[in-house]
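Reading through the structure tokens given below for one structure.
For clarity, chains are labelled A, B, C and D in written order, and residue numbers in each chain start from 1.
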Amino acid sequence: MRVGFIGLGAMGLPMARHLVAADHDVVVASRSRGPIDAAVAAGAREGSGPAGVVAASTVTILCVPNSADVVAVIDDALPELREGKIVVDASTIDPEVERAQHERVHATGAAYLEAPLSGGTVGAENGTLTLMVGGEATTLEAARPALEPFAGLIVHVGGPGLGQVAKLCNNLIFAAQMLATAEATTLAAKSGIDLRVLHEILVHSTGDCTAVRTRIPFEGVLPDSPASNGWKPGFMTDLMAKDLDLTTAHAARIKSPMFTPGVVRQLLTAASEAGYGREDLSALGKIVRRLAGV
Amino acid sequence: MRVGFIGLGAMGLPMARHLVAADHDVVVASRSRGPIDAAVAAGAREGSGPAGVVAASTVTILCVPNSADVVAVIDDALPELREGKIVVDASTIDPEVERAQHERVHATGAAYLEAPLSGGTVGAENGTLTLMVGGEATTLEAARPALEPFAGLIVHVGGPGLGQVAKLCNNLIFAAQMLATAEATTLAAKSGIDLRVLHEILVHSTGDCTAVRTRIPFEGVLPDSPASNGWKPGFMTDLMAKDLDLTTAHAARIKSPMFTPGVVRQLLTAASEAGYGREDLSALGKIVRRLAGV
Amino acid sequence: MRVGFIGLGAMGLPMARHLVAADHDVVVASRSRGPIDAAVAAGAREGSGPAGVVAASTVTILCVPNSADVVAVIDDALPELREGKIVVDASTIDPEVERAQHERVHATGAAYLEAPLSGGTVGAENGTLTLMVGGEATTLEAARPALEPFAGLIVHVGGPGLGQVAKLCNNLIFAAQMLATAEATTLAAKSGIDLRVLHEILVHSTGDCTAVRTRIPFEGVLPDSPASNGWKPGFMTDLMAKDLDLTTAHAARIKSPMFTPGVVRQLLTAASEAGYGREDLSALGKIVRRLAGV
Amino acid sequence: MRVGFIGLGAMGLPMARHLVAADHDVVVASRSRGPIDAAVAAGAREGSGPAGVVAASTVTILCVPNSADVVAVIDDALPELREGKIVVDASTIDPEVERAQHERVHATGAAYLEAPLSGGTVGAENGTLTLMVGGEATTLEAARPALEPFAGLIVHVGGPGLGQVAKLCNNLIFAAQMLATAEATTLAAKSGIDLRVLHEILVHSTGDCTAVRTRIPFEGVLPDSPASNGWKPGFMTDLMAKDLDLTTAHAARIKSPMFTPGVVRQLLTAASEAGYGREDLSALGKIVRRLAGV
């Protein structure tokens, strides 16, 4: 299948490589030279910008940072869209903006899916990402060969926008876990508990969750955690802040009160102000620890 | 071994039965007649109140509702305590009050442990509770035969009070999971997402946690959840409120700021006001849903 | 002076009337027929849309609901702007969007001020509004004759955007007062205190504030309060929600953590969901009271 | 009238002086020597501890730090209480504990009032304190000559405990004002606004409140503010933390949800951890500023 790929970031480049490895004819575009060269070295062809990629492909996948970027790509590609072509947006963006892109693309006769991702750069490298798909089931079946090479799980959530909502729900819960884990471990450390012992308890109790398993925000407690590895991202603090803002905006729009993001978002702001914005989400633990003096 | 057991509630009675089944000579006391008769029918002997139980036992286990109850039992038992006897408090209480009981009991020459429990009534029935032990390691070794019959995991957390702190840390994280899960599922339901699909995604993503796995607060999503079974407790809303208050008080005492309990505690108050205080913790989802109109 | 006025809402119409009364030559535009007719009846002339109003005026004042409306008016008016003309935006909008309008207008050679208002419809009727001005001091001096007819106090806050920031700061504090007042009066009422007695105490103590003085959210406590008059707006709940969102967005942008809007905003969402969005801000008291069952 | 006074702290000593100045026969007790000597120098007599003071007096006023202190004084004084004697507790304590003291004292035939104070050390020096009285109106009339010398306003709030509840309501609103004022001024300062200009606007707008008028938490903005005078107390941060805890506990007991104390209390904890616990409440602004980097 001729598959286009627009946006070769930390997620996009390994995803594109999996498409090449699956014997698709892959055409790529991206903002920076380096990743394009890397994709070409892996066997992809370079397309002529978003419009050129869409013109050359049956299915085109987008993986760009935010709502405005998605809109800009669609702006550019719109003249090339027609029946038989499919666009799949793998970015995490505002569900309302996403719904509008579905409409714009459908108006051309082409089909559109959103498929925000879970699994991080590790999942992208391993080809085990979870895709939360919004759009028509028939479109998903047509696009599936272009998605499976990098997917561990593909779930059809529902109509336009609902894939994005599912992604935001997931990240909301993860953010809450992270703050509570930061606060609990700070309390425990200040009380004099060995955090390796606490970790052993938590993973065997109701507190068990992803944050406890992977992101205790103290150096040396978990060997593989960001805290033990220079807080290097996994999941960037500033991106979680962006996602919580999307969640809050969506919740306000549909009038569904949501208390969890309140404090977390502000501590992420403090983390960003302190220079941790590009570190892993667990860096909000550094703010909690500073307030507690540990 | 002669093992005393004081407090035959929903947790205590099955724990006492496991002690009998392990061939200990078990002496019990409790406030109500029914559980005493049940324990005696299972093979225990009835002691003459807390003091009588302590007098007749080498290791005495307490499992009572709150700090004041523990203090009252120790008040009563104090004249019978002497070197060679061990008291193990399995209740969840204020770490500071617990530390004071360690001191009072040690002053008599007897030994003391705290061992708050995780695992709920199911863990008590199955004898698979997690014990978070605070006190001397040598005391734990001496008491271990009286604990293993109902324990799946025994972790020595540290000195006096630290078992209680570990328990509070666990419950804090669980409470945060629960609110975020209630908010995320409410948002998703109001957006039109099938919550069984969302559940499938969350357990395979970073949102994975105990609340997501077991306590989606909508009827019919998870067959075994409280929501699908009349919100019958598992973990009672009013008890979580009590535990969060202990956490907040401990955090204030050691000056470790903690934002998570703020809103959760107040929504638990609203749940209690609405008559859900004796239902499962997931009943706070009913408050979130009411505010969102779903 | 030839003064244009665009946006004859509940604030704009009485402001325009004050300009006519001050013997200015007033040209108006608005979305609906009724207010235009009312302004014309008062002595104003009808302009041909935003562009026509700007073409006919030296100073043009905008008073429209939100950021997008301001941008749309400037889009329309831009071809008519040139040196010697001044635009004054009296709307409350995003400081960043406002800064961009300053730049767009300055690029034409015209001058621009922002002057968001405090004082509500009562202040507009009485001509006693407070204006929080952002922009050049010399522009303010030139525009002053077109502002004084409806102003009780004109404060030059600083450069572009800073008038908006000052307005958002004010509304943040007012919102916090309102939630605390709602919670305190609900607690007092549920405890059995006569709220007229509590009000007497609060206005003589450190709790004294605008919300206490004017917006006790129980019927019959203050004769002139919204609660005693069908919750009829003064300051609409949905508008406060909008302003808090602008505040939160600005705070995130400049990385200034801000915890106060968190819960208030969500209770405003609940109020809007419950159908109180067009009632006075004090209607969030109805949500607090419902959660407390009083 | 023979008036006893127990607790000669920063509030109590000047209150006792006003009683002497009003020609009462004043008998005092306190923990430290210094204030007793100062009261004696002013014309009071030294009593023999709480019991001795009560034995020697018709009306005895208590002004001690917390619930436990009040209970200890009543413990001591109980044998001396009988019909014809009145105890007035001017401390701020838990309404439930206060209700219990009413009952204990009434059981002796004596009468009891609570009368927590507003107005701070300045009000105590000037004799202009606000008293929020809980108890019987007839007891208040009998005690009034012993209260008026230091009171600017005496309000009979209602029955036992309700004076304390009114005091807690006031402090809750004041705390909310303070956090919002700290956040708004931090946002404004970081945006580049001159805070003297902002202050001028806020006192003329809906943001007007005690915190805005007296406690802008930046040095040099208000000449008389704590911030401009070494953050010296007015109202001590750790005492506000205590009062918020009483409020939260009372709200939980009567099931009246209350979101405001959540974050404020935790930032007060951070302030205390940072060493500002004995500074004025406005010192929580130093925490907000630190998180924002201004």
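In this text, contacts are C-beta pairs under 8 Å (C-beta built on N, C-alpha and C of every residue); 3 or more make two chains touch, one makes a residue touch a chain.
Since this is a predicted model, take the numbers as computed values, not measurements.
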Homomeric contact subunit A-subunit D: same or different residue positions, threshold half: same
Most distant chain from subunit C, judged by the mean position of its C-alpha atoms: B
Pair exhibiting more inter-chain C-beta contacts, A-C or B-C: A-C
Separation of mean Cα positions, subunit D and subunit B [Å, integer]: 38
Rounded Å distance between subunit B and subunit C, as computed from the means of their C-alpha atoms: 52
Intercentroid distance (Cα basis), subunit C paired with subunit A, Å: 38
Multi-partner residues of subunit C (each touching 2 or more other chains): 251, 255-259, 262-263, 267, 269-270, 273, 291-293
Contacting residues of subunit B [partner subunit D, same complex]: 241, 245, 249, 251-252, 255-259, 261-263, 265-267, 269-270, 272-273
Subunit D residues touching subunit C - in the complex, by the definition given at the top: 95, 118-119, 130, 132, 152-153, 155-159, 161-162, 165-166, 168-177, 179-181, 183-188, 190-194, 197-198, 200-202, 204-212, 235, 247, 250-251, 254-260, 262-263, 267, 288, 291-294
Residue ranges of subunit A touching subunit D (in the complex, touch as defined): 263, 269-270, 273-274, 287, 291-293
